[in-house]
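Let me begin by handing over the structure; questions about it come next.
As written, the chains take the letters A, B, C and D, and residue 1 is the first residue of each chain.
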Amino acid sequence: MKINRNRLHEIIFEAETREGKMFDLILMAAILVSVVVVILDSVASVRLRYHMLFITLEYIFTGLFTIEYALRIYSVKSPVRYITSFFGIIDLISILPTFLAILVPGAQSLLVIRIFRLLRIFRVLKLSRYHKASYYLIRSLQASRHKIFVFLATVLTIVVIMGALMYLIEGADSDFTDIPTGIYWAVVTITTVGYGDISPVTALGQMMASFLMIVGYAIIAVPTGIITAEIVRTGKFDNTISCPNCSKEGHDSMASYCKYCGHKL
Amino acid sequence: MKINRNRLHEIIFEAETREGKMFDLILMAAILVSVVVVILDSVASVRLRYHMLFITLEYIFTGLFTIEYALRIYSVKSPVRYITSFFGIIDLISILPTFLAILVPGAQSLLVIRIFRLLRIFRVLKLSRYHKASYYLIRSLQASRHKIFVFLATVLTIVVIMGALMYLIEGADSDFTDIPTGIYWAVVTITTVGYGDISPVTALGQMMASFLMIVGYAIIAVPTGIITAEIVRTGKFDNTISCPNCSKEGHDSMASYCKYCGHKL
Amino acid sequence: MKINRNRLHEIIFEAETREGKMFDLILMAAILVSVVVVILDSVASVRLRYHMLFITLEYIFTGLFTIEYALRIYSVKSPVRYITSFFGIIDLISILPTFLAILVPGAQSLLVIRIFRLLRIFRVLKLSRYHKASYYLIRSLQASRHKIFVFLATVLTIVVIMGALMYLIEGADSDFTDIPTGIYWAVVTITTVGYGDISPVTALGQMMASFLMIVGYAIIAVPTGIITAEIVRTGKFDNTISCPNCSKEGHDSMASYCKYCGHKL
Amino acid sequence: MKINRNRLHEIIFEAETREGKMFDLILMAAILVSVVVVILDSVASVRLRYHMLFITLEYIFTGLFTIEYALRIYSVKSPVRYITSFFGIIDLISILPTFLAILVPGAQSLLVIRIFRLLRIFRVLKLSRYHKASYYLIRSLQASRHKIFVFLATVLTIVVIMGALMYLIEGADSDFTDIPTGIYWAVVTITTVGYGDISPVTALGQMMASFLMIVGYAIIAVPTGIITAEIVRTGKFDNTISCPNCSKEGHDSMASYCKYCGHKL
């Protein structure tokens, strides 16, 4: 029995064995198909024709994911830690809405929540060759989190103040009916999205808006600079080997000899 | 009495002591809540129900901020320098509108000005661990200010000329009623905001607009490049070793000798 | 006859000889003019006046490109490999629609496909001084393909989840009629395009949208950082010194010894 | 007389002497004020009230600029080279429209051309401390011109092909009335401007549009990477001094001693 559990854990949680890889591929396919079903089921014209098919598929997928969830709980050493982990919660959210929709009347609207299944893809990704790439990206973001926080605090402050000023300038009879609307407009503008559902009409308002746009256009350079600098730095230490002779570091990942003294690495 | 003033200064202006940190946290909370009150008070439906609560809260916050302002003036060595400093003015602007609204009839519209209180958050931030991050960002921006000025002058020139040309091409009967409107459109376009409230309809106008968009899309790379290069360079001097001879800092990570006095590091 | 084929290959496929360069220039001009004809022919007012001219020109260009296609097949060593190559298929797509439009009634709408001729420009570009520049760009993109894949997977996941959530929040009676529409809106928003044909009206929807915009505004920094770091790195190996011992290239500008075999450079 | 010409040249073309700087400042002010006049004169409500003032000011400025133009021709060694230079042509365009509007009836609409006066600002800028900053920016752009050309050629190809495909998909009865309109839409979309005056309505069209947006969002990273890498590289050689002892380069601009061997630079 003990071997069985270890074997199960290997297949379900890892991807080193042939069975483990196979399991991951099937799981990935099942997740993607079930997400497509959720999406298509929301389109009125498609639902009219295929609703029965979608419901059947949904029951099958929920059944499979429920068995998988049970096996995961069974095969891990600490079930509590798994259940309360990020992926444990996502796994539960993936199956819960379908059960709720059967038991509780009116819970149909919650079925959309099943879309969070898509996040399970990242568990599979975690085990693949994309792991290293994700790792570098996440490390770069973490290393620059203080700078990004300062940047976001600045942007949010600008957005709140500009939103309030535009409410004052354009007046409550314009598109800018209250400060929250003004703040929403300022976010739409500083991020250069620009829906155009709310836009200034007074000369002063248009001048303020122009100023905000140029600010938004210019300061996008700041997070880009922060993250680029961090990725450049992280990339440099891709290889931490130091020369056994001159102990200099910074060697290329393909290097076999020290580029400073010629000694074998 | 003298000790009392120093103690006060320590609590209000610094964050090294337990009381200083506590003061900062309470101040931050008070600022955020009072800003949320200003924002919510502008929403008609919310004001109808909670206006009395908002007014009461506002009086309490103004009272607290007034006491704080008085204590700040009392505890600093040079009150005049504090009052005329950036944060001194912001502190005054935070309390003035409420007093004015009581005294001067029709000054109600000025109440929005209280939103500038939000800037006081940055005083608290100044003393925290985000200080170093802000410092690097500001130094990077300062070091590249000449390049950014040249960039902005170029953008403004393009915007003015394109605005005038579009007014000429599209004609005064179109959305482009005058040159300022044309300039506003050019800013909306070159920054890639694109509201769509003003857009060209003639073939030549659309060609000019396409040209402007591609210019805007390409030259965003310039400020990004400037700031990134500066952040990469600033990051290189993260090295905190100071010279044992001249105690200057800012040495390259690979440096063995002080670049200012030649002493061994 | 054999020499003739080699000579033809030299003229058609290479650009080292005077005739080869001449051929490239004429081909490039023919491609550009024929693409302009396709574009203008779609404009109702222009077609009315010049349709006969456009048809005549199209027959001439199709004739020329057909002869060229035949000569290419004749002059290459392995015709099958050429025909199934990327440029071989583009060459066929450039002439096929015109023949189909004559033979099959109702195939007129396929004439737009001729626009793919434009891609043939890149064959000429491949042989010019822009080759090195393209080479660096493509190598930078290739080297960062894993990171870009992780980034795109993240963006697509955010977009699908946000699209579904907005459909839930705004309700099927709003602009967000189904999840695909929600996903389309999320793409329009996260990329900061912002048409404004679909936009949220509820307070919660606008808050979610603001969040998505700021996410989109901030994470554009990630691909920029990835590609910049790669271009900076690629640029470092601009150094064209090859090792006198193993003749490998790609040495760092400061390297004194070959990093592959340890020989002095 | 000869000295007089040299002196004039010094004052008008250079900024080293006190008179030269004074001349530049006055010229800059005159240019800015005259451009503001051109802009305000286009606003119907402002023109109604101040048209006479604007005409008077315009005659004064045109008079001054004409005298300046004559003096420039007089003081340069080679008048022909000056007249046919970039700034020579801009100087002429600055005064010509006013004369034409007097002589030729109906040339009023050409008055907008006077806006090109604004470009004269850059002559003044050329002589100031912003010169070095502009120089680095221009050198960075020049060094990366081949890569930028390849990038723009790629963008234009994508835009033309996508424009034609959308015309095919959405059909001539939609917003996409012809291929040029489709191309205009593709430019608006790939640059993330997104006016929303033209937008796809079919499912396939929206999918193609989503694809184009994500492409546009991702490839903006390419020019940014190119220019950033170039600015980083240009910045590195800000200082070309090599150590007289160990002859290593790459010293900081403020360095007095070699950071590698400690020798005086």
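To be clear about the criterion, contacts are C-beta pairs under 8 Å (C-beta built on N, C-alpha and C of every residue); 3 or more make two chains touch, one makes a residue touch a chain.
What you see is a predicted model; the values in this text were computed from it and never measured.
Remark: among chain pairs B-D and A-D, B-D carries the greater number of C-beta contacts.
Copies chain A and chain B of the same chain sequence form an interface built mainly from non-equivalent positions, shared numbers / all numbers used being under half.
Just one of A-C, A-D or B-C has an interface built like that of C-D, with over half of its contact pairs in common by residue number: A-C. Centre to centre, using the average C-alpha position, chain A and chain D are separated by 39 Å.
Look at where the CA atoms of chain B average out and do the same for chain D: the two points lie 28 Å apart. In chain B, the positions touching at least two other chains are 180, 183, 192-196, 216, 220, 224, 226, 228, 232. Those residues of chain D that touch chain A in the complex are listed here as 192-196, 224, 228. Within the complex, the chain D residues that touch chain C are 146-147, 149-151, 153, 157, 160-161, 164-165, 167-168, 172, 177-180, 183, 189, 192-196, 199, 203, 206, 209-210, 213-214, 216-218, 220-222, 224-226, 228-229, 232-233.
Those residues of chain A that touch chain C in the complex are listed here as 35, 38-39, 42-44, 109, 112-113, 115-116, 118-119, 121-122, 125, 129-130, 132-134, 136-137, 140-141, 148, 152, 155, 180, 183-184, 187-188, 190-197, 216, 220, 223-224, 226-228, 230-232, 235, 251-252, 254-264.
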